[in-house]
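Look at the two complexes coming up: chain A is in both, with chain B in one and chain C in the other.
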Partner chain A sequence: MLRQVAISCFIAVLALPAVARTRPHFGGTLRVEVQGDAFESSNGLILGLLMDGLTRIGIDGNPQPALAVRWTSENNDHRWQFWLRPGVQFRNGWPLTSEAVAASLTQSCPTNCPWKAVHALGTSLVFTSDFPVPSLPSMLAENQFLIQLTDAGDGKHPPCCVGTGPFQLAQGLPLSLVANENYWGGRPFVDKVEIVTHRSVRDQWLDLSVGRADLVEVPAEELRQAQQQHLTVVSSPPVTLLALAVSDSSLLSNPNLRSAIALAVDRSALSNVIFQKQGEVTASMLPGALTGYSFLFPTDRDLNKAHEVRGGLNTPPLTLAAENNPIMQLAAQRLALNLHEAGFNVQVANAATVLHKDLALLQLTLASSQPQAALESMLRSVGVVTPVVENTPAGLYKTEREFLGTHTLIPLLYLPRAFAISGRVRDLRLSPDGSPILAGVSLEDAQ
Partner chain B sequence: MNLRQKLLLLFSLTVAAAVAAVAWTVLVRIRLVFEQRDQQETALFVSQFQREFQHRSAEVAAAVDHIAASERVRTMAFQLVQSGDAAPYLTEAQTLAQDAQLDFLEIVGPDGKIVSSAQWPARFGYFEPIAWVDQPTFLKTEDLPDGTSALGLFAIRAVGRSESTAQPVHIIGGKRLDKSFLADLPAAPGMQIALYKEADQSPSTEQPHLGPDFAVFDPKRLINATGEVPYAARYEHLIDTAFNSRQETSAILYLTDHREDSVNATAIPLKSDRGEVLAVLTVSISRSGMVQAQQHIRAIAYGVAAGGILFAILCSLWIAAKVSRPIEQLARAAEQVAAGNWETHVPERSRDEVGLLARSFNHMTAELVSQRERLVQTERVAAWRELARRLAHELKNPLFPLQLTVENLIRARALSPEEFDEVFRESTQTLGMEIANLKTIIGRFSDFSKMPKPELERIDVREVLDRVFSFYDAATPDGNAIHFQTRFPTEPLLINVDPELIHRALCNLVLNAMDAMPNGGTLTLSTNENGEKVEIRVADTGEGMTPEECERLFTPYYTTKQHGTGLGLAIVQSVIADHAGTIAVESRPAGGATFVITLPRSSC
Partner chain C sequence: MKLACLIAMVIGSLTGLGAQTQNTAPSPWQQPAAALAEQAAAILGPGQAHLTIRNLSTISTDQIPSIRRLLTQELKARGVIASGAESANVLRVTLSENARERLWVAEVVEGDETRVAMVRLDPGRAQQPQSASGLTLLKQTVLATGGQVLAALEAPNGLVLVEPEEIVILVQTPDGWHEQKRVGMGQTRALTRDPRAVIYPSNDATGFEVYTPGTACTGAYQPETGWTIHCRESDDPWPIAQFIVQPDPNNGAASIKAFYNAARNYFTGVITPNVNLELPPFYTAVPFPRPAGIALLIGGIDGKVQLLESAPLKTITGTRDWGSDFAALQTGCGPGAQIIASGSGEASNDSLRAYELPAKEAIPASAPLAMDGTVTALASSHDSKSLIAIVRSATNQYEVDRVTASCN
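Presenting the complex of A and B:
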């Protein structure tokens, strides 16, 4: 018996470190490398670390309290009131007030806002709208509506990104963030996040392999390669919509031409080859997993019908603008080839430099896991302010069908976001828009 | 142009022509030699270039061979054949092309579709027609994503060919024929390599280019290693010829108006495996060095020729002077002889023909002087004889009546005194008349021998004629059958003459005319201007004269009159000659006679 107890004790002692290893440790520096600009509002990592929204999307996809602790709607969702979390301070020590929040939201959304007016009312904010906005709490979780200080008190603009987030910008280079010790949601585990921007994927992977980086990007088209290289990959569901925006002015004002373009695109080639079968072919704006009706939008290419719809109409050379990165340029080239087969002469150009564009290859982020909010956000991102009144699959389908029927936006693929992490990184989770939640990350070797 | 100038011109032209002919021959020969050498050099450079081009072709073939033989590609080919999944190899061509330093690389799957394309990555999945060619490399026009097309030197290799696989994977790699390719080619100093490719056609995804259209030459499409070729338009004909003939073509191109800006250009048509001309490669070698050398030699030749011609002119001057001087002396001597200076003598310097001519001339003048002296002597004797004959004749006529009268007086002594007185009176009367006649004859001879020297005055000829006309018109009785008339110009005609002598001469002519018209007629006095001369005409309507009479008319002592001395017209001719004038007669039998006196007109 004593022998059995001794053995049990010995095993328990041996198991203690294992138990200890499952508990996150504070400290350490997380090294992150990205291809683009870390301050981008859509896919950027930093804004979400420096600032908070009034709400945030929980794991279940529903809006959760953040800077707002509760909210109510009145008048059939025409009026919303959000009560602020007390005791929250900006990075500079200023208290979070309803006026500051209202000013931040007004600045971040000058036009095409889901609300008509926002104003402070005591410790709360009141949103009013001419149409019902049932998904406002979800929309307020988007990066676009993160709260930052807009007035330094002396009438001048404060430095960038003075928010209430779990991290704050550190001085000097490289770009680094330090943990906000007084974060209302609790101090992040890591002390510091160093971010290297504009790093190619190959270099990121090399740095990861030699231990110079802890978290690097894995583009969708490289997912298979990453898996073949046995990288530890954390990927999201499809959250990025690759779509072709078609200008309905001048050259393509004829809807038949736009319809011919929609029929001529070859989504399967994009998905199977360029994005290495990691994309989800779609002709709808919302992914099928979110709505269930995506299959109702045909994705097959019909070149004969495209020719038929075009009806021999000729257009001058069209300009297709795409981001200046290899995969987007390649996808654009492929689309140009598709359209060439349908009788269109398309020249691919860099979106950053081209002045006039007839077509644009866009990456739209699924901002919310709630279909209504996601659809509204997506429509808003392409310049359409259309209230999605009916929060039912049929209503959403109808809204989508009506909008996509104009063929000013041709959805192509849904792509996941993915990151590769080093063995040091623990507990990395991705938000519904696919961005990594670094505040919850801890490091294995942290003391 | 005198003899010396003619000789000078002849010698100069002869020497200049000779020098020019020699210079031209030398220059033409030099130009031919230079051009021959230039063409040989160009041919050498072109052959070197073609070898280098073939070497580059071999490099492309070797690079594609290397890729096809690599384990990586063989594995890929195996997996493609086995699984048919081309997606993992989308960027494979770019990586392989970068490693092999190729501009073009396409991996074509067993199904004939592009698996991966380095030059146009988006073309995956499209069919790529595989054309097997005999050559290890071939030329092809490749469409590019930007809508343009590029000419490339390609090689194609099959990977994974085995009995079990009906269709292998193909690797099609190539290098672009562009500015960098041209820059890599070794070029000799002065050599310029350029490439002409026609305008891009719209890219086709299913059909490759069938070859460019050379219908319109675009100078901007002729590029070299640094960009557009200067004076590209000058290459149009050469490139067009090479394109149409499909043969290597050479020509000398003058790029500007300066000859040194010319090139010896060779156009090499670049053909596809189907024989279509896809582009034209031009190899141009500057002729500036050769042209400058030619110009240098030409300048020397021109200088030598100019010096030679100048020297020839100087020599010609000397020779012409040496040859023409004796002849000129002879000419001057001849002129002096013609002027009456028969004593002229020319020096006899040489023993050649000119010397013989001078000696003959001197001999001739000596003979002339001698003969003139003899002639004068003879004429003097003849004149005395004629004078004696005339005197005898003239004096014999009066002497015979004198003799008869004297004999009659002698015989009359036998007659009665009354009859003697009668005979005596008649005889003395006859003697007196004959003696007077003898005096007249002697007086005329005396006048002929004593012609006075003219005292010239400047007078109007019309006054002289008017005086003569007034003299005879007034002296002629009204019943005379001779009618006088005058024809004078309105303007004065001035002459330098002795008025009295001219008056006497004209009166003599008028008297002769009146004698020629015993039965009456018209006597006309007229004058007119004839250039620098003044003509005076005395015309009658008498019997006229025969040509023989006209010829002898002015000979002294010749007369057609029964009692004429033959000295009247001789005196007239002497007077006119003393006034530097001439006298002539125009007459025909029964046609009257006209005496024409020509005198120099007085200058103002």
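Presenting the complex of A and C:
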């Protein structure tokens, strides 16, 4: 049932932008407010506005041309060649060259890359790898691989984010971006985006209600309240995986202990109490709406079996690190309580300050709506470079099962990403990772 | 194959006459049931297994008995007898799905060991019923494609598509549309977001003229040499009244052109020949027959629909639900011609609806015709007896639809 609801939501979100009474208007300033740092690579809004990838993920989940116009693979996906879009310039007017792209990718991915080497070849890029990388075009759409200028010409690094994107950073405060008139994908509809960062959700909603903001955040746990307040909410399908990372060294090197932890977590309570039933309980890395097989990973808590598997083994106190925000700390406290009931002594700590951690509560972003690329990206984000060679449900399931069988990552909940918008905002779409596509937004009152 | 299926599907919905074909096709579950049984039997080997079925998909529950029957038959054919709960082996079948496809999963439980088999199925597609009252609009999908389409023309020698950077000629074959020629337009500047184009048949009706921001192209067809297409940089005004609903050689409407703002998505309001009247920037201008002659119906970027009949401009009421695109259709019904306007209402997809303009108010003349997405372009055919609508679906697929009308 939940799966059906999730799929319905997914379809509903996709269908939402299709509403278009008139053609979009050009002009105006879009005012955005966020809780965190807009320059974050995972959930930040800005990087994708200033820079492009070689590819982008289309609404159908498949990679589409972006800075690369076409690509081919050879040698059973061990070698890929991407041809660059001609006539594209960086913000400073320098032409986009294959050398600049290779330098950018080398800088953005020094280790654990899905390729062994990348080099320029004429107007193309060549990627080589020791293992097949069938989903490389999808992976290159991720924020991590956005292209920026890395050499200012004098051997020094240029300031942040000199890219080719639809917007350019403007001078001064507040933080604002102006439309790139010559953007290869078409000038954005709005003239300017103003972004207020580090604003609490309450203040964001207040600003929205009095007309000082056009687009504000709605955390998953606040979705119900947003609906009660009749905010216009645009919500993604589940895109953020809340998961417990378990160290397989020192105190928890015994796989039975990790297995006991996996059996002891109470996902339902986490979803119902902390996240106000807005999360999708999961024990798989990919959401059911993407694979259809997530039910094969049982989500129920089994405290008796957890005790049985632990077999009387005792551990010294464990440290559970979580991001220092109220909801993550609350979730971590809840998990610590679960584990205490299974015989573990767990102390919650701030992830930013703790030196040693045995457990960590993570938020992993679903980077792609293509299952294979999404799984590879998620594995890479926890330090596992494992190509998913067989791009079938059975192949993906096998990869997930083998990795999750180590109990070094325990998926807990899938959460949607949501934004509330003012009545001026039209055609807001969310990308596969749930971030808003501001270049496609237009304002109703612009002329 | 895909094209043929789509065309066949839409032909089924074209008439809207309620014609239903007798369903004599084999069960759609036959093949996946056989495939899953094959895999499960390979794991189990001959013997008995307790079969359970769980439905997590959108398959209607009334289909489950027939799926169970098929699975039981297919298993039996492979030596596996579906037995009661007393069996040591369990075959747990889950009918699941994801956003793209259906997925049937068999969990084969033998003692402590569980092994898994999966079969993928194409998603089912719901049929959309249509109803209409008064004048009835009818839709036929000419083409469905993954590429962006800005405009399309049904020419005698093929279907001409204007894509953002290329013109594509397709010819009809028994297997569906076949790409015959693809020519780059060679634009030197980036297209705007929401790019637009217009395409008209040439004077002899065998070729075409295309206008996109900054570029104009002509295409000509010769039986001996096929299609030749030439493009050039151009800021020339675009024809907006190439075809009129009731041609009148004396009023000059056929030569009206308008300057397009190549950096935006609308016409500047400057038209030629000069009408000695300041027009607002507009998205659409359509010639339309009125008792006093041909008038120009203008859809401004401010959302107002105005009639250029004689100075001053007359605001048309009853257009609150109109989108930015409308076109004239010579139906022969009622006054003979109607305006077909796009609109979205409260629905997620756009619709088309016919309106009549007896005075200064648009009067609905048909029920809305649901489209499968957002209408991004709407243009009358050369004889104004049909429209071509370009529709973008929620998944960014494009459809070229032919819209006609029948009198009730």
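Of note:
Rule of thumb we're sticking to: the second predicted complex is superposed on the first by the 426 of 447 C-alpha atoms of A that agree within 3 Å, B and C clash if a C-alpha of one lies under 4 Å from a C-alpha of the other, contacts with A are read in each partner's own complex, and residues count from 1 in each chain.
Operating definition for what follows: contacts are C-beta pairs under 8 Å (C-beta built on N, C-alpha and C of every residue); 3 or more make two chains touch, one makes a residue touch a chain.
All figures in this text were calculated on a predicted structure; none of them were measured in a lab.
Once chain A of one complex is fitted onto chain A of the other, the partner contacts of A:352 are absent, as it touches neither chain B nor chain C. In the superposed model, A:173 lies in contact with neither chain B nor chain C. Residue contacts after overlaying the shared chain place A:333 against chain B, while chain C stays out of touching range. Of the two partner chains placed by superposition, only chain C is touched by A:61; chain B is not.
In the overlay built on the shared chain, the residue A:210 is in contact with neither chain B nor chain C.
Counting the residues of chain A touched by each of chain B and chain C gives the higher count for C. In the superposition on chain A, contact of A:269 is made with chain B only, not with chain C.
Once the two complexes are laid over each other on the shared chain, residue contacts for A:288 go to chain C alone; chain B is not touched. Across the two superposed structures, the residue set of chain A contacted by chain B and also by chain C is empty. Across the complex, chain A meets chain B through its residues 224, 269, 272-274, 276-277, 317, 330-331, 333-334, 336-337, 340-341, 345, 347-348. On the side of chain A, the complex with chain C involves touching residues 1, 3-4, 7, 10-12, 14-26, 58-61, 181-189, 237, 288-293, 295-296, 369, 371, 392-394, 397, 439-440, 447. Residues of chain B that touch chain A in their complex: 86-88, 90, 120-126, 145-147, 202-203, 205. Interface of chain C with chain A (complex): residues 56-58, 94, 96-103, 105, 107, 116-118, 120, 189-195, 263-266, 283, 301-303, 321, 323-325, 343-344, 347-350, 373-374, 392-397.
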